[in-house]
Every structure is written in C-alpha cells, then in structure tokens.
Amino acid sequence: MSVPGPVLPSEVDLTTSLAGVSLPNPVLTASGCAAAGRELDQFFDVADLGAVVTKSIMLDPRSGRPTPRMAETPSGMLNSIGLQGPGIDGFLASDLPWLLRRRARPVVSIAGSTLGEYAELARRLGNTPGVTAVEVNISCPNLENRGLVFACDRHQAARVISAVRRDTPRGVPVLAKLSPDVTNIVDIAESVVDAGADGLVMINTLLGISIDPETMRPVLGGVTGGLSGPAIRPVAVRCVWQVHQAMPDVPIVGVGGIRTGADALEFMLAGASAVQVGTVIFNDPSAPTRVLEELRVELAARSFKAAREAVGFAHRGDVPR
Amino acid sequence: MTSGPVQVTGRVLSLKRAGAYHHLTLVAEGVAERTHPGQFVALAVGDRNSPMLLRRAFSIYRARPSGAYGGSVEVVFAVHGAGTAWLSQLRQHDEVDVVGPLGHPFALPKQPVSCVLVGGGYGSAPLFGLADRLKERGCAVHMVLGAATGDRLFGALEAKRSARSVTVTTDDGSVGIEGLVTDPLPDLLGRTGSEVIYACGPMAMLRAVSAVSAEYGVWSQCAVEESMACGIGVCMTCVLPVVGDDGILRLTRSCVEGPVFGGDRVLWDAVGTVPEGTWGAPAGAGH
Amino acid sequence: MSVPGPVLPSEVDLTTSLAGVSLPNPVLTASGCAAAGRELDQFFDVADLGAVVTKSIMLDPRSGRPTPRMAETPSGMLNSIGLQGPGIDGFLASDLPWLLRRRARPVVSIAGSTLGEYAELARRLGNTPGVTAVEVNISCPNLENRGLVFACDRHQAARVISAVRRDTPRGVPVLAKLSPDVTNIVDIAESVVDAGADGLVMINTLLGISIDPETMRPVLGGVTGGLSGPAIRPVAVRCVWQVHQAMPDVPIVGVGGIRTGADALEFMLAGASAVQVGTVIFNDPSAPTRVLEELRVELAARSFKAAREAVGFAHRGDVPR
Amino acid sequence: MTSGPVQVTGRVLSLKRAGAYHHLTLVAEGVAERTHPGQFVALAVGDRNSPMLLRRAFSIYRARPSGAYGGSVEVVFAVHGAGTAWLSQLRQHDEVDVVGPLGHPFALPKQPVSCVLVGGGYGSAPLFGLADRLKERGCAVHMVLGAATGDRLFGALEAKRSARSVTVTTDDGSVGIEGLVTDPLPDLLGRTGSEVIYACGPMAMLRAVSAVSAEYGVWSQCAVEESMACGIGVCMTCVLPVVGDDGILRLTRSCVEGPVFGGDRVLWDAVGTVPEGTWGAPAGAGH
C-alpha cells in the first residue's frame, strides 16, 4: 500500500480499469436503477460517473409485468419490473446517442430469453460504436430450458457468455452479471470466466416475496421479486470476497446496497475494482456522485493515494488487526 | 419559470392538523418557483440510515416562491403507514430531503371556459393552486369536494373563497350531500356548461369521473396515485396502461408522464394488468 | 376461510399442530437466539410459547469461534458464534430438565460435523423423555466431505435426516432446518422429506461478510457469518411460499426476520404452520410473547377464528385482490 | 433489593453535555431499585422499525430508586457510531426502551479495606456508585481517573467529593499528570496500603491494571466492554477467555458472568482468540 501519511481527498487518483478499459473513477450506476441516464442528468452530470450502466435491454420492446411492481422491505425493496423497455432498436436510436452526446461512458446491459437473443443483441451492439462495455444480465428465465434462470446453471451461464463474447468486438469488455441465488457463486464465476467473460458484476437481486397484509396475497403482480438495497449488502460483499479470493485477477464490479462512500470502499476492500449504486438512487437521486465524493474522502482518510490500491486490500493477511 | 426538479434539504416551518390530515409547510429553496399545479414532491422519510428507502410522493398544495423564510411548499397528508407516521412526528426546524417539483402538471385550457374541479379526500389539495391559475385565465371554477367522512374533507372552507360554487359530498352524509363525489357532476356540468373536469383522488373516483366526462363529452384531466419507488422516472414501478398521442397503448410511467393524464387516455379497468395489445406485451398475455 | 364477521382477539384459537404434535400456539423461539430459555424467562413465562427451540447442541462441548462474533448490518446482523455450547451431556443434565420443570415444550436443535455425530445425538435424545421435537440444523460443514455444508447438497442433507429419523422415537417429529443459500430450495426440501423429515424449518441465516472500516479486515473473527433479521424476511417468506406451493401437506415452521405479529402472519399466509422469533429477541427480549399477542390481534382483525385457517391462505387464487 | 433485570419504556428526563460526553437521565421504573454498582443497561436505539437491531450497553452511572418523576437511571456516553448518535439527539420526554440492570456487579470486600478505583474515559461513570457503597462499609476510597485528553475525563470534580484522594492523568498532559492511568498505581497502592483495585475502561487499560495488581499482589475487579448483541445472555457474542472457579478456561459471556471479572481470571492477551486448552476448543486450535 501507499506509504502512510496525510493524503488530501483532492489528491486521490480515482481512475480505475474495468477489464482493460480505463474509467475516470470507479462509481457506476446499477442496471435498472438509472434508466439510460437522462433523468439523473437533472441532478448531476452523468459524465462525472465512471460509467452509466443502462437498464437491461432486450431484442424487442417489452411491456414488463403487471403492477404492483414494488414493495418496500426493511432496508430494502422488492421489484418485479419484468424488463420493461423499448427493445434494442429504440435504445440504439435514442438512448445510446444521448449518452454519447453527453460524453457519458455507456455500459450497455443486455438480457434475453434464449441463447439466440443474447447473440443477436451482441451482434447489434458490436456494430455500434461508443459502447464502453457490455454487461450481460443472465438472471433471466431461459425459455428453452423450462424457464430456469441462466445465471443459476454453470453451463447455461457459460453458453450465454461465450455467445456474447464471440460477437462483441475485442476492445469492448464483456461483463457477466451474476445472481446470488446459487449454492456456489465461485463455481458459476469460474464457468463464465472460462467462457470468456472479461469481468464479473456481483450481485443481482435475491429472490423474495412480500405478502400484503390487507389483500393477504403477494404484493407484487409477479408474485416473486428481486430484493435489493442495504439489506443485501453483506451477501453482496461476501460474493465479491469469495470470488476475488478464488480468482484474484478477474475484475469485479461490486453492487448491492451501496449507500455511502464507506459502503463503496467496503466492496473495493473485498476485491471490487468498481462499484455500482442502485436502489439507493431512489432514496437519493444524487447518490452516485455523493458516493463518489465520499469514497474519495474515505480513501484519503486511510492514506490511499489511488483507488486501485484499495482493491482486495482486506484479503492481505499482513494487515494488523 | 425555471423547469425540472431540484433536490434540496427542506426545513419544517410548520406542521398542523387539518381534520384527519396533517398540513406540512417546508422551506425548500428552488422548488416553488418551478411548480405548476398538479405536480408533486417526493420526500425522503427517516434519517440517513432509514430502513425506508423509498420516497413518499405528495401533491403540492401551495407553493410560495418567496416568503419570510425563503421559498416554501406545502403538502397535506394522511397517516397511512410508517413513512407518513414518521412525517407526522416532525417538529419545527427538522430537516426533510425534498425532490421536486415532479411530474406533468394539469394542462390548462386556452379559452376562458368553465371548469369543474373534483377532489376526493386529500386529493383536493392540488386543486387550489389550479383554481388560481384558471381564474387568472378567466375561467369560472366550480369545485366538488368529497370524502368518506367529514373529517376527511380537505379545504371545504377555502374552496368557498376559491371557487364560484362549491359542492360537498360525504359517503356517510355527515357533511354536505350524502353520496359519492361523482353524483352531483351531471347536474353541475349541465348547470355551468363546463367544458373541462379536473380531478384528483383515489383511482376508483378517477375512473368514475372519466366515465362521467366521456358520457357528457367533456375533457378530463386526472391526477393519479400509483405506487412510486423513485418518482423521477428511473425505476418503472409506477406504470399504468395509457394510450399515447400516437394511439399506442403503453405501460406509461405516472411519475414523469403523469401524474396528470387525460381521463380518456387511461384504461382504468385494466390498471394492474398488462392488457392485450399493450406495446411489448408478450403474445397472448392477458393479466 | 371462516365466515367474515367480528372476531375478538381473545376468541381466536391459536392451537397449531407441528407435524402431529399439538402446540398451544404457533410462536416459537429460533435456535441460537434464546439459549435454552432460562434467560428469557426473566422477561416472560417461557411456557407461554408454542415451544422453546434450543441453541443447536453438538455431541461434545464446543468453544465456538474467536470474537468478534457479530456485526450489525442494515436491519440485520451477522453472527459467527460457531455453535458454542456444553455438548449433549451438559444439555441433558441441566438445560432440558429446567425446561421441563418450567413446563415449557422443548424443541431440541442438534448439529453435527459428521453423519455419525447426528445419529449419536438422535440416539441420546431418543432415550430422553420430554422432547417435543428434534430440529436438525444441517447448516454445518461436513468434515467428511471437504467441509461442504450438509444443507447445500440434497444427498448429504437426506442422509443426515434419515439417520436422525431412524433413531428418533415415532411420536417425536424430526424437523429439518434448511439453508437459503442454495440454487433450488424446493429440491432440498423434497429430498429431506423423502428421507423422513416430518416438517421443515425455513430459513437459517444467509452467508455474509462485513468489513471493518477501521481495520480494513473482515469484522468477524470467522470472516464469514450468518445474516439474520428483518433484512432477510422477504427471502424467508419466498422459501416458505415456494416449498408450500410444491408440497402443501408438509408442515413448515417459518423463521427469518419476524419482528411483529403482522410479520408472523405473513409467514403463515405463505404456508407456515408455526413461526420462530430470532434476532429480534436481541432488540426486544419480550418479542416472542409480544409477537404472539400481536398475531392474535392480526388474526382477529381478518376474521380468522383459528390460526390454522391462515396457513397458506395467500396461495388461494379465489381471494379477491 | 429485588434482583433480575426488567424491560421498561424509559423517558428522557434530561440530556446534557459533559465534556466530550453526553449525560443521559432516564425515568425508568424498577431499574434503579435493582441496581448494584458495575451493572449496565441495554438501550434500544431508534424507533420500532429501527434498522439498528442491537441494543447498546452503558454502565449505570447513577441509579435513584425514587425521585420527583419516579425511579431514574443515568448513563454517560460518547458518540461513537449511529446508535450513540441517535441517543445524542434525544429530547426531553422522548421514549427509550430500557433493559436492566444487567450483569454481575463489582464484588465488595468483606472488610473495611482501602480501595483504589481506576476509571478510563467514561469508564469512571460506574465508580461513583461503587465508591458510595465502599464508604458505607468503611472502606477508604482513592480514585485514579485518566483519559486521552482533558475533555474526555469524566467526573474529576465529583471524584473530589467522593474519594479520599484523587489522581488525574491525561495522555497529553492537558489536565493532571501526563501519562497513563496505570502510571501512578504502584505509588498509590504503596501509600494507601490498598488491597483491592476496581477498574473500568478500555481493554488495554484493564489488562495493564491487572498486570499491576498481579505484581503488587492485590485483588482486582475489572469491568470489561465486549461487543454485545443481546446483553442478556442468549446470543453468545460477548465472550472472552476467563478461568472459572473450577480452574477451567472457558469462553465466558461477559454480559451475564461479567461485565465485572477478577482481573487475574481473564486471559487479557488472548481476547479475540480461542486459546489452546479452552473448554471445547477444537483439538489443535490456536487462534
């Protein structure tokens, strides 16, 4: 680590490298919590972030699930949006050009119901300049395999990633976003890395249910939903820790319940090179840039001259307790 | 007038009881000057570690761009669950994080026509600012305020100062006419020759108001209340089935494209479903 | 359901049946959150509860893990106690007789590191009168199988349950306590039921990590810990829902983040015949009896004349939304 | 005197600054009459939905079984994290759920011997009640209070009224003698012929006090501060290695079997480990 000594927050080098692509800083938005950046740009300049991760985009327009689509839970929430969106054509026509005009770095999240859809999405994106990275949301039911979620099966997960990797230009990293709802996250991580993932994003939401005390039926139109927010942070940090421990050289983007710069630092210490702010944006639309500024202060307070030095720091046995 | 929402730390100027409701005045710089009637604010509830992550949405009752303490916004709310319970415990000078103004306001008529403003419960709150604007344009304003019980009427007295005529209904008949807020509408539309109905209140009321306006061939503007996680358009939780200007039925975000919609554009009966024909609906999806 | 109409809280029939054993009410303590009942008896009469579930007991005395053993997290906590306890002899000599003298109904939780240990524990308990039920904590590392947790493997889980069932007297139900850290909870549930489990307890804690911002190392002496508390409730309710949906006749005890009577009701609506209060005891030592009284009020408010009627109610499609 | 803890809804009677600390007085029925010096209370932080589930433990500074407003307990605390920050924002009449008194109190000598009471930072809080009891038994009381800086000393003035002699140390020398609280001990033990040391403060201080008492052959009673999830003995988080009366080394709950332990019974250097030979330790376990 850096020689201990007073470091000013303004002096901290925040640049990070995301599987070969360099970013001005390690704070990103989480997919589905920032749409395509436009609305947040009313609260801060989206180009100030390391990158903007878009809502997962599918091949065709999607209506999503019936409402209610959310339930608040202790320090978290459940959502069941069902990937509502304009489809890849609408996205490429409107959202992506806007992000590029604003000089933001777009990480495009893609989702599919079949292997073929993922491949087709990768091809369409591959022909489009300006994409900083592709994030592959594999927490989707596989319609060709009894609706089992791709991310919950090492082979299905690997097939998606290798299909996407094949059709994505060399310089554009492919990031696999993993689900925590598995017996062995390291096993899935190894499988997608073997299949060509340049980095990992952890974690997607946990499957949950909330029952409405008035109707006495599940709150969500979709019955089950994804649990997110600070409630799940210990699970997310654990996933990052385990996978970094097993594969210290694989870049990891940490996500799950980040509310403050201290939370972001926790993920970096556990092994994340970058982080994403998700649900907390609903609580505080300025959260991504606030977290970034707080992270800078936290790093300086611990005499880190560069954010990179903090990555995986908690694994080093030589640190005195 | 500046547009787009701001996020500011508001401070409680006052919190008073108003019948079954609480009337909260927040000093919140920059919000009032941007506000148009029908817009709302989203308030964070609890402190920085609050277990309640989602903001609570409230229609703006009054917005004063400047005052002795700076610009302020006022909301009227009912205690419903833990978030509004927290708000009801606020004390003077306490801080509340405010995002607003949010959403699409009521559209105003170009001509000085007669208008009926219908409010259910605290739904009357945004109608007073609207009434002022309409009167500035020379419109005649008639108000119909309804609630389940008398203590859940909001602003009936103020309405007398604001509107040319005021009709009050309660479900239990404790105040005004016994019945629903829509009961007096046909008669009132006829008597006043009104060409627009503005409405804010529970979904069932809005659906009934839309039905009346369809039947009587008047234009309607309804402010809806859907569960909202973000209030700013990024989460897609607050959608309802709305037919766009292009004739396409979409699940539309009520926080940014609403909360005010033309009553004829919303598929009221299909709220909570994905109706056949919705843009992007899975083939053969019903509910 | 009962004919709607006003029901007084005092009129609600709270009796429940736990895999054949009848209990005066459905509220229990969660293993490890109530020791063996003695300390809580200072705050309420432990015999007022449906049952007292003891801290998991092992064959031999156990020191447990080094401290720190806890970390507070948003609406939850992590613990890494490491099953500290007196061993079965100490338990049978002191804790069990005390519970019986107090006329409480003891559900004895057992834990082992090998199949043989579980079997031996069952034999020792089988010879002891007064045990209301045996709860088998299978969220332990299997020392004979690379330290893999029994509950995370359908075969290992089943082997433990069938060994315990074999040596437990007929009238004493064997309850399998499941871990949520699996890809498919229904699969594990089916496997242990096939192996002879008379009922299921869901859920044990989720694996998590918290990193200390000061030392920049994991807070817990044991590095990873178990996440519990209201934060995990949506995951616990989901597990109960899924398993009840798949096997509506298998008795389920719901546990995970119950703080109020409304929370207890949520579990029952999802399919639990009884519930356990755990972490919230640390927040409020009177929580078990408070939850019981609140549950009574919640049931009456919904015109349930008997707690039994609420079990699985949220699954009934005919309920108007 | 009744024994065993109670759980009651306390009410804030006052909250005052005391140097770097806050001095909180709670009206809490039934707690004071059960309290012995060295015991503590566990306070719930936040409201019924608080994201902070674990109670915070505080030594009882004063306990008055009755008063104008009923029985009260007083604690002195430093703002450390979110829980103590919440406590520091309490206002008069606010409610706080109190469980107490908890834990094993200081053991009192049977003979009227001379005693040295050592407090580090807010650790001096429980020593005043102890001093009163000791004096009732005819013991001479000498106090040594230390802290990092002057504003972190608690009760130095009160000590002058309470004790026959008072020695004050600060790490920075801003008040009293520059140095550690243990520095004056050898001299004081010699001068006063004391046979017991009572101590409350950080672990490192308690370890040093125990070493001094071992060296000088005096008995010591140390009140420890381990992270506690429940405070009542059900969770097993608060353990530390202690040798029992039977000579067996166990990981012992500091909330019920402590917080006061004989200084010679605690393996101070092994806190945070499972030392070889601990009852139930895995064979060959070191740390």
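Chains: A, B, C and D, in written order; residue numbering restarts at 1 for each.
Operating definition for what follows: a residue touches a chain if its C-beta (ideal position, glycine included) is under 8 Å from a C-beta of that chain, and two chains touch if they have at least 3 such contacts.
Keep in mind that what you see is a predicted model, and the values were worked out from it rather than measured.
Novice: Quick one: which chains contact chain B and chain C both?
Specialist: Shared contacts of chain B and chain C: A, D.
Novice: Measuring centre to centre with CA averages, how many angstrom lie between chain A and chain B?
Specialist: Here chain A and chain B have centroids separated by 35 Å.
Novice: If you average the CA atoms of chain A and of chain D, how many Å lie between those two points?
Specialist: The computed centroid separation for chain A versus chain D comes out at 46 Å.
Novice: If you average the CA atoms of chain B and of chain D, how many Å lie between those two points?
Specialist: Here chain B and chain D have centroids separated by 56 Å.
Novice: Which chain C residues touch at least two other chains?
Specialist: Those would be 74-76, 229-230, 321.
Novice: Identify all positions of chain B at which a residue touches two or more other chains, and write them in rising order.
Specialist: 49-52, 272
Novice: What's the contact topology between the chains, one of line, ring, star, complete, other?
Specialist: Chain contacts: complete, every pair touches.
Novice: Over in the complex, which chain C residues touch chain D? Could you list them?
Specialist: 32-35, 39-40, 42-43, 55, 60-70, 72, 74-77, 79, 81, 84-85, 87, 221, 229-230, 279-286
Novice: Enumerate the contact residues on chain B facing chain A in the complex.
Specialist: Residues 4-5, 7, 44, 50-55, 97, 99, 226-227, 229-240, 250-251, 256, 271-274, 278-282, 285, 287.
Novice: Give every residue of chain C touching chain A within the complex, in rising order.
Specialist: Counting only chain C, the residues touching chain A are 71, 73-76, 78, 152, 181-184, 206-211, 213, 215-218, 223-225, 227, 229-235, 237-238, 241, 257, 259, 262, 265-266, 269-270, 298, 302, 313-314, 319-321.
Novice: Which residues, counting only chain A, touch chain D once they are in their complex?
Specialist: Spelled out, the residues of chain A in touch with chain D are 74-75, 230, 321.
Novice: So in the complex, the part of chain B that touches chain D is made up of which residues?
Specialist: 49-52, 82, 86
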